[in-house]
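You will see chain A twice below: alongside chain B first, and alongside chain C after that.
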Partner chain A sequence: MNKKFWLVSPPVLLLIAFCVIPLFIMVYFSFLSDGADPHLTLSNYLDFFQKGFYLKLTWKTISTSLIVTIICILIGYPMAYIMAKVINSGKTIILIAIIIPFWTSQLVRAYSWQNLLRDGGILEMILRKFHLIGSEPLGILFTQTAVIIALVHIFFPYMVITIYMSLEKMDHSIIEASKSLNAGPFTTFWRIILPLSKPGIISGSILVFVPSLGVFVEPRILGGTKGSVIGTVIEDQFFEIYGWNFGAAIAFILLMIVLISIAILSKFAKEEV
Partner chain B sequence: MLKKSLGLIIIFILLIVSAFGCSSSKSSTDKGKKELVIVNWKDYGSDDPAVVKEFEKKYNVKITHQYMASEEELLTKLRTGGVGKIDLILPNASILPVAIKENLLEEIDTTKLSNYQYIFDQFKKLPENQKDNKVYAVPWVWGSTGLAYNSNEIKENVDTVNILWDKKYKGKIAFRDDFNDAVMTAALALGQNPNNPSDLNAIKKKLVEQKQLNRTYWKTGDEFSKLFAGKQITVGLMWSGQAAAMKKNGEPINYVIPKEGAIGWVDNWAIVKDSKNYDLAVKFIDYMLSKKFQEDWVKKGGPNPVNIEVTKNLDAEFVKQMGINEETIAKLHFISYHSDAEKKQWNEMWQEVKSQ
Partner chain C sequence: MIKKGFGWLYTGIIFIFLYAPIAVLMLMSFNKSQYNSLPFQFSTRWYKDLANDQTLIDASLTSIYIAAVTAIFCVILATMLMLWIVQTKSKWKKWIDSLVILPLTIPWLILGLALLLLLNFLKLDKNYFVLLIGHIIVSLPYTVMVIKARLQSLDLTINEASASLGANEWTTFRKITLPLLFPAMLAGGFLAFVISFDNFILSYFLIPSGHSTLPIEIYSSIKFGFTPVINAVSTIILAGTTIVILFIIMVMKASLKYLFK
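Let's look at the complex of A and B:
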């Protein structure tokens, strides 16, 4: 028997025991009916697709995640570019500064945003000092905007780091070659740098988009009355009414959305440059 | 073949390790002593070290606490081998009828409880605690979900639940994100029976109407305190216990039971079927109902006592605000038992309101 294969068997077994099997248990639950005498049924899935508001929430979740991903690219790309190509020293410090927020709990960060964004809060005070807003309240907290701000803050490091790595790998002489062939900065960026950093953007997008689909802490704490997303629906199913079967069905639908979006994004990555 | 056997070994080891985790550790010094096994919430009165010590000394017994994270978990514990091992539990109305029906509880002889006579009558009448005139659960502590408001901001007399629908306070109201509280509060405002609402559609409409006026929904008590302290809200649904604690901390908060009534809850002691320490369990319940214990706990910030005698030694203003008197208790609608199907329906309606 192959010796190397041996070495990976413990993690593979752990994965099977703690990831694959529980996943199948979840799928099994999602086909069970409620009540004292459960039997296999499709009703959990039918319920979901028959109620308009679940579909509405699903679309809201997907569109929010898309917005978050796009903002992350717009912020993350220039930052990664500066780190990889413009500056020579201080990269480590910037990287550490990006990673440090990872050490804080998600809940603490959500509450911190609440303090920053609330009416009469720090952000309002600063903006007023610079006469950027009048005497009216800021009105950002408990809106969709607040949720998006918090999610971008949480997930953009994934984007920066993956794009940074793909840019860092890039051979600088290619850029020089482009310049020597008389390409302007825009052409160089559009035809050389961007295509070569595409794998980084794609994997960054997966790392941002996928977890954004499942969030429930930020929407609940910062989204106010409009905070409902598919994640909070699943949370309520499990914690409020112990509706494991229906909860598992929604979670499985979410998993399908994740797999489909990963498939689409990976297809982009494979396309001819 | 080797790979397969290694996998089996690992699974075997995992099983052994998890089996060890399940067994309770008994220290050798306690051998021979009777052991009273109690399932309760963590840090919830009965597991206070001083309280435990006093009882252990008096009756030469060892008390072991196990903790639950939800009522549902407690029910599962009883169904899967808890009977015969656990002596005392703290169920509420959400699981009591099921537990009694499935024969998981022992009838309690209330004549053996010297303090039973001091319990407010209304609590003794709770339908979920008995079956066929037999008592299966003894009320212990209770609380309510009423209105709390900032007394610096609101000077008018607050006495109606309709303040949550008052456009004057638009953007300053905090409703609770909880399907049970939502349905029951809307039912109160509409004059329906909160425990058995007749028209869920009207309730849905009422809740959608309410939604526009909110600053936000709150879920955990911590969220409410932060919103209140940060002056983001001036009025909202709140629990009696937390309102009292916030007032103690100097917040300008007033707690009111509206004239339409409010939601109430009760935690009860029950003895598990086939308990080997039935008499001891009864003595422990009696001790939990005693004036001394009930008074000490409420003064430390615990929930409201069921013992009438305790109110005499408490601050009159506190007693009035918390509504620890027959008149106010009579206005409370204690959360009754609801079937899973009913809870599912309520929850779904609430999700729909929130999604709009």
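Let's look at the complex of A and C:
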């Protein structure tokens, strides 16, 4: 036993008592039946897996997070690459400018898209001015597209930063070596740079995919009735329907999806690096 | 060079994407129209409304109070934890590392409802004590990250030097470690403050009925039809957090590169 255990025990006990134990209590409630005389039952889980609605919802949640992650990689990678390899000056300022919105209120940033995306809003006016759309309304707000745009906006700094870190660490002489062996820029990128930046892409994907699974504010504010995901259904169970035990079961399923995704992605990261 | 030009162009497009919604929101907070409609007419009317909105002011004060308490506890707990982690050879270290990161891995939605179920299990009403603990738990990993980055950038042999000169552990901590760590503690505290102040989900689940925080007020205003006052209060929040974040980055400049390790 370490002699300075008194230093570490308060934070550790706090986390065990108010983070680990509540999760077990959540699992306990998820096996309880509703009503005045609760008893242990599997019915909450059976309800979930027998109703097509919830399975569809689960798939929608996972696919939305996947789409968000892929878009983040596609637009984040070039940004990280530009910062690491193309420009020499102003890197720190760009990095800071990417981080700042990331730390500002997620709620406010989700809300800020309402002004931009709504019918008759600024984006519609700009697009119409350039004759990119006709007189029909934009029709983005309160759809899945609006939710995806906002989630990309919120989470993509993670992707830029992790990919940037892995590109920055890369030994430039490897790229020179590849060039001197007559590899074209495409081959160098595909065979050398991309595989070496894989750890960055994967940790970025964990940081984007996992939090996207558990959102409910963005779907609520921007997705309208079409935006329902697991998160919004859990919120409904706790604040509208008062089906807490069923809500706990859905939350536990969500937690399992989160943990399984982390396990799969971390396994990817360990392979052939 | 074409490559560089293209690089800056792409950076510009990304920045428009990042900042356009925020810029529009800020602009609209100075627009006279009730329905955010254009053309733009400058007005500070919504800020005046805000100054008279007692509900929003009370909610803001509650948020500030929660964030301040959270920040103080996060700094103390994170410092204790880190002082232990840097000098320990315990086999528990790995477990404790993962335990501290746990609240980052679990969606806040789940943490919030798990704490609510804990209260229910203990047959207790929602209270500020558990609300504060929830805020502390979700902010702690960030404070730990900042303090850890600073500790990694420090040369800890200086502590041994101090000990070899006969200083006891308390003196070494007070005279050597604490002053060196102070900037990171400050930065970590402000970071916890910002995270707690902006935290909607934990408060939403755990706030005692009849009370509210600023994010809760914003959320319900957005849900039940928007009001331009929310644009004004959001602008103030964005400006405030940006200043705090810039301050943190300035303080942490030296150890910034350790932050993501």
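Please note the rule applied: the second predicted complex is superposed on the first by the 260 of 273 C-alpha atoms of A that agree within 3 Å, B and C clash if a C-alpha of one lies under 4 Å from a C-alpha of the other, contacts with A are read in each partner's own complex, and residues count from 1 in each chain.
Definition applied: contacts are C-beta pairs under 8 Å (C-beta built on N, C-alpha and C of every residue); 3 or more make two chains touch, one makes a residue touch a chain.
Bear in mind that the values here come from a model prediction, so they are computed numbers and not experimental data.
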Joint occupancy of chain A by chain B and chain C, clash or fit: clash
Partner chain in contact with A:Gln114 - chain B first, chain C second, else both or neither: both
Which of chain B and chain C A:Asp34 touches, first, second, both or neither: first
A:Ser105 touches, of chain B and chain C: first, second, both or neither? second
Partner chain(s) touched by A:Phe53 [first = chain B, second = chain C, both, neither]: first
First, second, both or neither for A:Arg220, with chain B first and chain C second: both
Which partner, chain B or chain C, touches more chain A residues: C
Touched partner set for A:Ile96, first chain B, second chain C, both or neither: second
Which superposed partner A:Pro10 touches (first chain B, second chain C, both, neither): both
Which superposed partner A:Pro211 touches (first chain B, second chain C, both, neither): second
Touching both chain C and chain B, counted on chain A across the two superposed complexes: 5, 10, 111, 114-115, 120-121, 220-221
List of chain C residues in touch with chain A within their complex: 3-4, 6-8, 10-11, 14-15, 17-22, 24-25, 28, 36-38, 77-78, 80-81, 83-85, 87-90, 96, 99-100, 102-103, 105-111, 113-118, 120-121, 130, 133-134, 136-137, 140, 191, 194-195, 198, 200-201, 205, 215, 218-219, 222-223, 226, 230-231, 234, 237-238, 241-242, 245-246, 249, 260
List of chain A residues in touch with chain C within their complex: 2, 4-5, 7-8, 10-12, 14-16, 18-23, 25-26, 28-29, 75, 78-79, 82, 86-87, 94, 96-101, 103-109, 111-116, 120-122, 125, 153, 161-162, 165, 210-211, 213-217, 220-221, 231, 234-235, 238, 244, 247-248, 251, 254-255, 258-259, 262
Interfacial residue positions of chain A with respect to chain B in the complex: 1, 5-6, 9-10, 13, 17, 34-35, 51, 53-54, 56-57, 111, 114-115, 118-121, 141-142, 220-221, 224-225, 227-228, 232-233, 236-237, 240-243, 246
Of all residues in chain B, those that touch chain A in their complex: 2-3, 6-7, 10-11, 14, 70, 72, 177-179, 211, 214-217, 219, 223, 226, 230-232, 340-341, 343-344, 347-348, 350-352, 354-356
